[in-house]
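Before anything else, here's the structure in question.
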(Lines give C-alpha, C1' and ligand atoms only; values in the text may rest on other atoms or scores of the structure.)
Protein backbone atom coordinates (compact mmCIF):
# COMPACT_ATOMS: atom_id res chain seq x y z
CA UNK A 1 0.00 0.00 0.00
CA UNK A 2 1.37 3.41 -1.01
CA UNK A 3 -0.40 6.68 -0.16
CA UNK A 4 0.84 10.14 -0.94
CA UNK A 5 -0.32 13.60 0.01
CA UNK A 6 1.03 17.13 0.26
CA UNK A 7 1.23 19.19 3.43
CA UNK A 8 1.25 22.98 3.01
CA UNK A 9 3.13 24.92 5.67
CA UNK A 10 3.04 28.70 5.85
CA UNK A 11 6.12 29.98 7.65
CA UNK A 12 6.59 33.35 9.31
CA UNK A 13 10.27 33.50 8.34
CA UNK A 14 13.42 31.91 9.73
CA UNK A 15 12.80 29.43 12.51
CA UNK A 16 11.58 25.93 13.33
CA UNK A 17 7.93 24.86 13.00
CA UNK A 18 6.74 21.65 14.58
CA UNK A 19 4.72 19.45 12.19
CA UNK A 20 4.58 16.24 14.27
CA UNK A 21 0.81 16.48 14.82
CA UNK A 22 0.03 16.99 11.12
CA UNK A 23 2.26 14.07 10.11
CA UNK A 24 0.74 11.80 12.75
CA UNK A 25 -2.73 12.72 11.48
CA UNK A 26 -1.82 11.70 7.91
CA UNK A 27 -0.33 8.42 9.17
CA UNK A 28 -3.51 7.78 11.17
CA UNK A 29 -5.74 8.43 8.13
CA UNK A 30 -3.64 6.11 5.95
CA UNK A 31 -4.59 3.18 8.22
CA UNK A 32 -1.07 1.76 7.83
CA UNK A 33 -0.14 -0.38 10.85
CA UNK A 34 3.52 -1.05 10.10
CA UNK A 35 5.73 0.52 7.50
CA UNK A 36 7.47 3.77 6.68
CA UNK A 37 6.50 7.42 6.45
CA UNK A 38 8.67 9.46 4.05
CA UNK A 39 8.74 13.26 4.16
CA UNK A 40 10.17 15.38 1.37
CA UNK A 41 10.43 19.17 1.22
CA UNK A 42 10.28 20.54 -2.34
CA UNK A 43 12.61 23.47 -1.65
CA UNK A 44 16.34 24.16 -1.35
CA UNK A 45 16.14 26.87 1.32
CA UNK A 46 14.17 25.05 4.03
CA UNK A 47 14.72 21.62 5.57
CA UNK A 48 13.30 18.87 7.75
CA UNK A 49 14.80 17.84 11.07
CA UNK A 50 14.10 15.71 14.09
CA UNK A 51 14.77 17.70 17.24
CA UNK A 52 14.30 17.58 20.98
CA UNK A 53 10.71 18.75 21.48
CA UNK A 54 10.52 19.62 25.18
CA UNK A 55 12.78 22.63 25.79
CA UNK A 56 12.43 25.44 23.20
CA UNK A 57 15.93 26.68 24.06
CA UNK A 58 17.32 23.76 22.02
CA UNK A 59 15.89 25.35 18.89
CA UNK A 60 17.10 28.81 19.91
CA UNK A 61 20.60 27.35 20.27
CA UNK A 62 20.26 25.69 16.85
CA UNK A 63 19.63 29.11 15.28
CA UNK A 64 22.53 30.74 17.10
CA UNK A 65 24.88 27.94 16.08
CA UNK A 66 23.87 28.04 12.41
CA UNK A 67 24.05 31.85 12.26
CA UNK A 68 27.62 31.63 13.53
CA UNK A 69 28.62 28.74 11.25
CA UNK A 70 27.09 30.29 8.11
CA UNK A 71 26.80 34.05 8.63
CA UNK A 72 24.23 35.97 6.60
CA UNK A 73 25.93 38.40 4.25
CA UNK A 74 29.26 36.53 4.25
CA UNK A 75 31.30 38.44 1.62
CA UNK A 76 32.75 35.22 0.18
CA UNK A 77 29.32 34.21 -1.22
CA UNK A 78 28.60 35.00 -4.88
CA UNK A 79 25.00 33.77 -4.87
CA UNK A 80 23.38 36.78 -3.18
CA UNK A 81 20.65 37.77 -5.68
CA UNK A 82 17.85 37.28 -3.17
CA UNK A 83 19.66 38.86 -0.25
CA UNK A 84 22.16 38.12 2.52
CA UNK A 85 20.20 35.04 3.67
CA UNK A 86 20.04 33.46 0.17
CA UNK A 87 23.19 31.32 0.08
CA UNK A 88 23.13 30.62 3.85
CA UNK A 89 19.63 29.16 3.36
CA UNK A 90 20.93 26.73 0.71
CA UNK A 91 23.89 25.72 2.88
CA UNK A 92 21.77 25.20 6.01
CA UNK A 93 19.39 23.00 3.99
CA UNK A 94 22.21 20.88 2.59
CA UNK A 95 23.86 20.43 6.01
CA UNK A 96 20.54 19.24 7.46
CA UNK A 97 18.01 17.31 5.31
CA UNK A 98 15.37 17.72 2.63
CA UNK A 99 14.09 14.17 3.16
CA UNK A 100 13.32 12.13 6.24
CA UNK A 101 12.01 8.60 6.68
CA UNK A 102 10.30 7.47 9.88
CA UNK A 103 9.18 3.98 10.90
CA UNK A 104 5.47 3.36 11.46
CA UNK A 105 4.70 0.88 14.25
CA UNK A 106 1.20 -0.01 15.44
CA UNK A 107 -0.32 2.76 13.34
CA UNK A 108 1.91 5.57 14.63
CA UNK A 109 5.27 7.15 13.83
CA UNK A 110 7.70 5.34 16.12
CA UNK A 111 9.35 8.51 17.41
CA UNK A 112 11.40 8.53 20.58
CA UNK A 113 9.95 10.25 23.64
CA UNK A 114 11.79 13.52 22.93
CA UNK A 115 11.71 13.53 19.14
CA UNK A 116 9.58 16.04 17.27
CA UNK A 117 9.42 16.62 13.50
CA UNK A 118 10.23 20.19 12.51
CA UNK A 119 10.27 22.18 9.29
CA UNK A 120 13.22 24.57 9.47
CA UNK A 121 12.66 27.74 7.47
CA UNK A 122 16.03 29.25 6.61
CA UNK A 123 14.88 32.38 4.74
CA UNK A 124 14.21 35.49 6.83
CA UNK A 125 10.92 36.25 5.04
CA UNK A 126 7.74 34.15 5.31
CA UNK A 127 7.31 31.39 2.70
CA UNK A 128 4.71 28.84 1.66
CA UNK A 129 6.41 25.41 1.87
CA UNK A 130 5.29 22.07 0.48
CA UNK A 131 6.09 18.74 2.10
CA UNK A 132 5.16 15.55 0.21
CA UNK A 133 4.33 12.67 2.52
CA UNK A 134 4.49 9.12 1.18
CA UNK A 135 3.29 6.25 3.34
CA UNK A 136 4.09 2.62 2.70
CA UNK A 137 2.77 -0.11 4.91
CA UNK A 138 0.36 -2.88 5.58
CA UNK B 1 6.91 -7.74 2.69
CA UNK B 2 7.62 -5.48 5.67
CA UNK B 3 9.46 -6.64 8.77
CA UNK B 4 10.40 -4.54 11.75
CA UNK B 5 12.52 -5.10 14.80
CA UNK B 6 14.42 -3.16 17.43
CA UNK B 7 18.14 -3.31 18.03
CA UNK B 8 19.36 -2.36 21.52
CA UNK B 9 22.83 -0.86 21.71
CA UNK B 10 24.55 -0.16 25.01
CA UNK B 11 27.16 2.57 24.56
CA UNK B 12 30.13 3.31 26.79
CA UNK B 13 29.85 7.05 26.19
CA UNK B 14 30.90 9.34 23.34
CA UNK B 15 32.26 7.50 20.33
CA UNK B 16 31.35 5.39 17.32
CA UNK B 17 30.07 1.81 17.58
CA UNK B 18 29.97 -0.41 14.52
CA UNK B 19 26.62 -2.17 14.04
CA UNK B 20 27.13 -3.53 10.50
CA UNK B 21 27.18 -7.17 11.63
CA UNK B 22 23.97 -6.85 13.66
CA UNK B 23 22.16 -5.13 10.79
CA UNK B 24 23.35 -7.74 8.27
CA UNK B 25 22.10 -10.48 10.59
CA UNK B 26 18.61 -8.94 10.72
CA UNK B 27 18.57 -8.55 6.92
CA UNK B 28 19.63 -12.20 6.58
CA UNK B 29 16.86 -13.39 8.93
CA UNK B 30 14.26 -11.37 7.03
CA UNK B 31 14.91 -13.46 3.91
CA UNK B 32 14.49 -10.35 1.73
CA UNK B 33 16.46 -10.72 -1.52
CA UNK B 34 16.03 -7.22 -2.94
CA UNK B 35 14.68 -4.14 -1.26
CA UNK B 36 15.55 -1.58 1.37
CA UNK B 37 16.72 -1.63 4.97
CA UNK B 38 15.74 1.45 7.00
CA UNK B 39 17.44 2.31 10.30
CA UNK B 40 16.03 4.82 12.74
CA UNK B 41 17.50 5.93 16.06
CA UNK B 42 14.87 6.97 18.62
CA UNK B 43 17.04 9.63 20.25
CA UNK B 44 18.14 13.22 19.65
CA UNK B 45 21.63 12.95 21.12
CA UNK B 46 23.03 10.01 19.13
CA UNK B 47 23.05 9.40 15.38
CA UNK B 48 23.65 6.91 12.58
CA UNK B 49 26.42 7.27 10.02
CA UNK B 50 28.13 5.37 7.26
CA UNK B 51 31.90 5.64 7.67
CA UNK B 52 35.14 4.20 6.37
CA UNK B 53 35.55 0.94 8.29
CA UNK B 54 39.21 0.01 7.77
CA UNK B 55 41.33 2.64 9.52
CA UNK B 56 40.14 3.57 13.05
CA UNK B 57 41.94 6.93 12.79
CA UNK B 58 39.09 8.13 10.54
CA UNK B 59 36.75 7.92 13.49
CA UNK B 60 39.28 9.54 15.82
CA UNK B 61 39.50 12.44 13.35
CA UNK B 62 35.68 12.63 13.23
CA UNK B 63 35.61 13.17 17.00
CA UNK B 64 38.35 15.79 16.92
CA UNK B 65 36.61 17.67 14.10
CA UNK B 66 33.21 17.65 15.82
CA UNK B 67 34.69 18.68 19.18
CA UNK B 68 36.25 21.70 17.48
CA UNK B 69 33.14 22.58 15.44
CA UNK B 70 30.74 22.26 18.40
CA UNK B 71 32.74 22.69 21.62
CA UNK B 72 31.33 21.19 24.81
CA UNK B 73 30.50 23.91 27.30
CA UNK B 74 30.19 26.65 24.65
CA UNK B 75 28.93 29.65 26.70
CA UNK B 76 26.49 30.69 23.93
CA UNK B 77 24.33 27.60 24.58
CA UNK B 78 21.27 28.01 26.81
CA UNK B 79 20.23 24.35 26.81
CA UNK B 80 22.77 23.05 29.33
CA UNK B 81 20.54 21.32 31.91
CA UNK B 82 22.19 17.93 31.40
CA UNK B 83 25.73 19.24 31.22
CA UNK B 84 28.28 20.74 28.82
CA UNK B 85 27.73 17.92 26.25
CA UNK B 86 23.92 18.33 26.19
CA UNK B 87 23.41 20.86 23.38
CA UNK B 88 26.49 19.70 21.43
CA UNK B 89 24.93 16.20 21.35
CA UNK B 90 21.72 17.58 19.78
CA UNK B 91 23.68 19.61 17.21
CA UNK B 92 25.97 16.70 16.27
CA UNK B 93 22.90 14.49 15.77
CA UNK B 94 21.17 17.05 13.55
CA UNK B 95 24.29 17.64 11.43
CA UNK B 96 24.60 13.90 10.85
CA UNK B 97 21.50 11.63 10.68
CA UNK B 98 18.89 9.92 12.79
CA UNK B 99 17.69 7.82 9.84
CA UNK B 100 19.50 5.86 7.17
CA UNK B 101 18.22 3.75 4.27
CA UNK B 102 20.36 1.08 2.64
CA UNK B 103 19.68 -0.99 -0.48
CA UNK B 104 19.37 -4.76 -0.11
CA UNK B 105 20.72 -6.74 -3.09
CA UNK B 106 20.91 -10.53 -3.26
CA UNK B 107 19.98 -10.84 0.40
CA UNK B 108 22.63 -8.45 1.75
CA UNK B 109 23.04 -4.73 2.43
CA UNK B 110 24.71 -3.44 -0.73
CA UNK B 111 27.42 -1.51 1.11
CA UNK B 112 30.57 -0.37 -0.64
CA UNK B 113 33.83 -2.15 0.24
CA UNK B 114 34.84 0.47 2.82
CA UNK B 115 31.42 1.36 4.21
CA UNK B 116 30.47 0.37 7.75
CA UNK B 117 27.31 1.31 9.67
CA UNK B 118 28.03 3.09 12.95
CA UNK B 119 25.98 4.38 15.84
CA UNK B 120 27.56 7.62 17.00
CA UNK B 121 27.02 8.28 20.70
CA UNK B 122 27.35 12.01 21.34
CA UNK B 123 26.82 12.06 25.11
CA UNK B 124 29.88 11.59 27.31
CA UNK B 125 28.12 9.10 29.60
CA UNK B 126 27.02 5.57 28.61
CA UNK B 127 23.47 5.25 27.25
CA UNK B 128 21.10 2.51 26.16
CA UNK B 129 20.09 3.32 22.54
CA UNK B 130 17.30 1.90 20.43
CA UNK B 131 17.48 1.52 16.67
CA UNK B 132 14.32 0.44 14.82
CA UNK B 133 15.08 -1.56 11.69
CA UNK B 134 12.42 -1.84 8.99
CA UNK B 135 12.98 -4.14 6.02
CA UNK B 136 11.00 -3.98 2.82
CA UNK B 137 11.65 -6.39 0.00
CA UNK B 138 10.75 -9.45 -1.96
CA UNK C 1 7.11 -3.58 -7.21
CA UNK C 2 10.81 -3.17 -6.46
CA UNK C 3 13.39 -2.46 -9.17
CA UNK C 4 17.07 -1.88 -8.67
CA UNK C 5 19.87 -0.78 -10.92
CA UNK C 6 23.33 0.77 -10.69
CA UNK C 7 24.35 4.09 -12.18
CA UNK C 8 28.05 4.54 -12.97
CA UNK C 9 29.36 8.10 -12.76
CA UNK C 10 32.86 9.01 -13.85
CA UNK C 11 33.97 12.19 -12.06
CA UNK C 12 36.73 14.57 -13.11
CA UNK C 13 37.70 15.28 -9.50
CA UNK C 14 36.26 17.48 -6.77
CA UNK C 15 32.98 19.15 -7.69
CA UNK C 16 29.26 18.60 -8.19
CA UNK C 17 27.82 16.56 -11.06
CA UNK C 18 24.14 16.77 -11.89
CA UNK C 19 22.48 13.35 -12.27
CA UNK C 20 18.82 14.43 -12.34
CA UNK C 21 18.31 13.41 -15.99
CA UNK C 22 19.80 9.92 -15.48
CA UNK C 23 17.68 9.32 -12.37
CA UNK C 24 14.51 10.53 -14.13
CA UNK C 25 15.25 8.15 -17.00
CA UNK C 26 15.50 5.18 -14.64
CA UNK C 27 12.25 6.19 -12.92
CA UNK C 28 10.58 6.49 -16.33
CA UNK C 29 11.78 3.03 -17.40
CA UNK C 30 10.56 1.48 -14.14
CA UNK C 31 6.97 2.45 -15.08
CA UNK C 32 6.26 3.28 -11.40
CA UNK C 33 3.47 5.85 -11.15
CA UNK C 34 3.59 6.58 -7.41
CA UNK C 35 6.18 5.54 -4.90
CA UNK C 36 9.74 6.24 -3.85
CA UNK C 37 13.11 6.42 -5.55
CA UNK C 38 16.07 5.65 -3.27
CA UNK C 39 19.63 6.59 -4.20
CA UNK C 40 22.68 5.18 -2.46
CA UNK C 41 26.33 5.95 -3.12
CA UNK C 42 28.68 3.05 -2.33
CA UNK C 43 31.57 5.26 -1.22
CA UNK C 44 32.69 7.23 1.84
CA UNK C 45 34.40 10.10 0.01
CA UNK C 46 31.60 11.28 -2.27
CA UNK C 47 27.98 12.13 -1.46
CA UNK C 48 24.52 12.87 -2.82
CA UNK C 49 22.77 16.21 -2.40
CA UNK C 50 19.76 18.13 -3.60
CA UNK C 51 20.79 21.62 -4.63
CA UNK C 52 19.50 24.70 -6.41
CA UNK C 53 19.93 23.88 -10.11
CA UNK C 54 19.60 27.28 -11.81
CA UNK C 55 22.58 29.39 -10.75
CA UNK C 56 25.97 27.57 -10.86
CA UNK C 57 27.40 30.06 -8.34
CA UNK C 58 25.45 28.21 -5.62
CA UNK C 59 27.69 25.19 -6.18
CA UNK C 60 30.82 27.34 -6.34
CA UNK C 61 29.84 28.80 -2.95
CA UNK C 62 29.25 25.27 -1.60
CA UNK C 63 32.85 24.37 -2.48
CA UNK C 64 34.26 27.54 -0.94
CA UNK C 65 32.26 27.01 2.25
CA UNK C 66 33.31 23.36 2.63
CA UNK C 67 36.98 24.13 1.89
CA UNK C 68 36.92 26.69 4.69
CA UNK C 69 35.01 24.46 7.14
CA UNK C 70 37.20 21.38 6.51
CA UNK C 71 40.55 22.54 5.12
CA UNK C 72 42.57 20.07 3.05
CA UNK C 73 45.82 19.23 4.81
CA UNK C 74 44.55 20.21 8.27
CA UNK C 75 47.45 19.15 10.55
CA UNK C 76 45.06 17.78 13.21
CA UNK C 77 44.01 14.92 10.89
CA UNK C 78 45.74 11.55 11.37
CA UNK C 79 44.07 9.78 8.45
CA UNK C 80 46.15 11.26 5.62
CA UNK C 81 47.43 8.14 3.82
CA UNK C 82 45.80 9.09 0.52
CA UNK C 83 46.69 12.75 0.67
CA UNK C 84 45.54 16.08 2.12
CA UNK C 85 41.98 15.62 0.71
CA UNK C 86 41.53 12.13 2.25
CA UNK C 87 40.00 12.89 5.65
CA UNK C 88 38.20 16.04 4.40
CA UNK C 89 36.45 13.84 1.81
CA UNK C 90 35.16 11.51 4.56
CA UNK C 91 33.99 14.45 6.69
CA UNK C 92 32.24 16.23 3.79
CA UNK C 93 30.43 12.98 2.94
CA UNK C 94 29.26 12.45 6.51
CA UNK C 95 28.06 16.06 6.88
CA UNK C 96 26.01 15.72 3.69
CA UNK C 97 24.47 12.33 2.68
CA UNK C 98 25.26 8.97 1.19
CA UNK C 99 21.58 8.14 0.73
CA UNK C 100 18.62 10.11 -0.55
CA UNK C 101 14.96 9.18 -0.99
CA UNK C 102 12.69 11.05 -3.41
CA UNK C 103 8.93 10.74 -3.88
CA UNK C 104 7.64 9.54 -7.27
CA UNK C 105 4.34 11.15 -8.33
CA UNK C 106 2.65 10.55 -11.68
CA UNK C 107 5.66 8.68 -13.00
CA UNK C 108 8.26 11.34 -12.17
CA UNK C 109 10.47 12.37 -9.26
CA UNK C 110 8.43 15.02 -7.47
CA UNK C 111 11.27 17.52 -7.22
CA UNK C 112 10.64 21.18 -6.53
CA UNK C 113 11.17 23.65 -9.40
CA UNK C 114 14.70 24.49 -8.32
CA UNK C 115 15.83 21.11 -7.02
CA UNK C 116 18.45 19.12 -8.88
CA UNK C 117 20.11 15.86 -7.81
CA UNK C 118 23.90 16.07 -7.64
CA UNK C 119 26.73 13.69 -6.94
CA UNK C 120 29.37 15.58 -4.97
CA UNK C 121 32.87 14.26 -5.57
CA UNK C 122 35.06 15.23 -2.60
CA UNK C 123 38.39 13.79 -3.77
CA UNK C 124 40.60 16.03 -5.91
CA UNK C 125 41.37 13.24 -8.42
CA UNK C 126 38.84 11.68 -10.82
CA UNK C 127 36.97 8.61 -9.57
CA UNK C 128 34.48 6.06 -10.87
CA UNK C 129 31.44 6.21 -8.55
CA UNK C 130 28.55 3.79 -8.20
CA UNK C 131 25.03 4.84 -7.21
CA UNK C 132 22.45 2.10 -6.56
CA UNK C 133 18.93 3.19 -7.41
CA UNK C 134 16.01 1.30 -5.89
CA UNK C 135 12.48 2.10 -7.02
CA UNK C 136 9.37 1.06 -5.13
CA UNK C 137 5.94 1.87 -6.42
CA UNK C 138 2.77 0.87 -8.17
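For reference, chains read A, B and C in written order, and residue numbers begin at 1 within each chain.
The working rule: a contact is a pair of C-beta atoms (placed from the backbone, for glycine too) under 8 Å apart; a residue touches a chain by one contact, two chains touch by 3 or more.
Since the model is a prediction, treat every value here as computed from it, not as a measurement.
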item	value
Interface residue identity across copies subunit A, subunit B - same or different by half	different
Angle, in degrees to the nearest 5, of the Cα rotation that carries subunit B onto subunit C	120
Cα-centroid distance, subunit A relative to subunit B, in whole angstrom	20
Multi-partner residues of subunit C (at least 2 other chains)	69, 95, 97, 101, 136
Of subunit B, residues touching subunit A in the complex	2, 4, 38, 40-45, 69-70, 76-79, 81, 87, 90-91, 94-95, 97-99, 101, 130, 132, 134, 136
Touch list for subunit A against partner subunit B, complex	34-36, 49-52, 55, 57-58, 60-62, 64-65, 68-69, 95-97, 100-103, 105, 110-115, 136-138
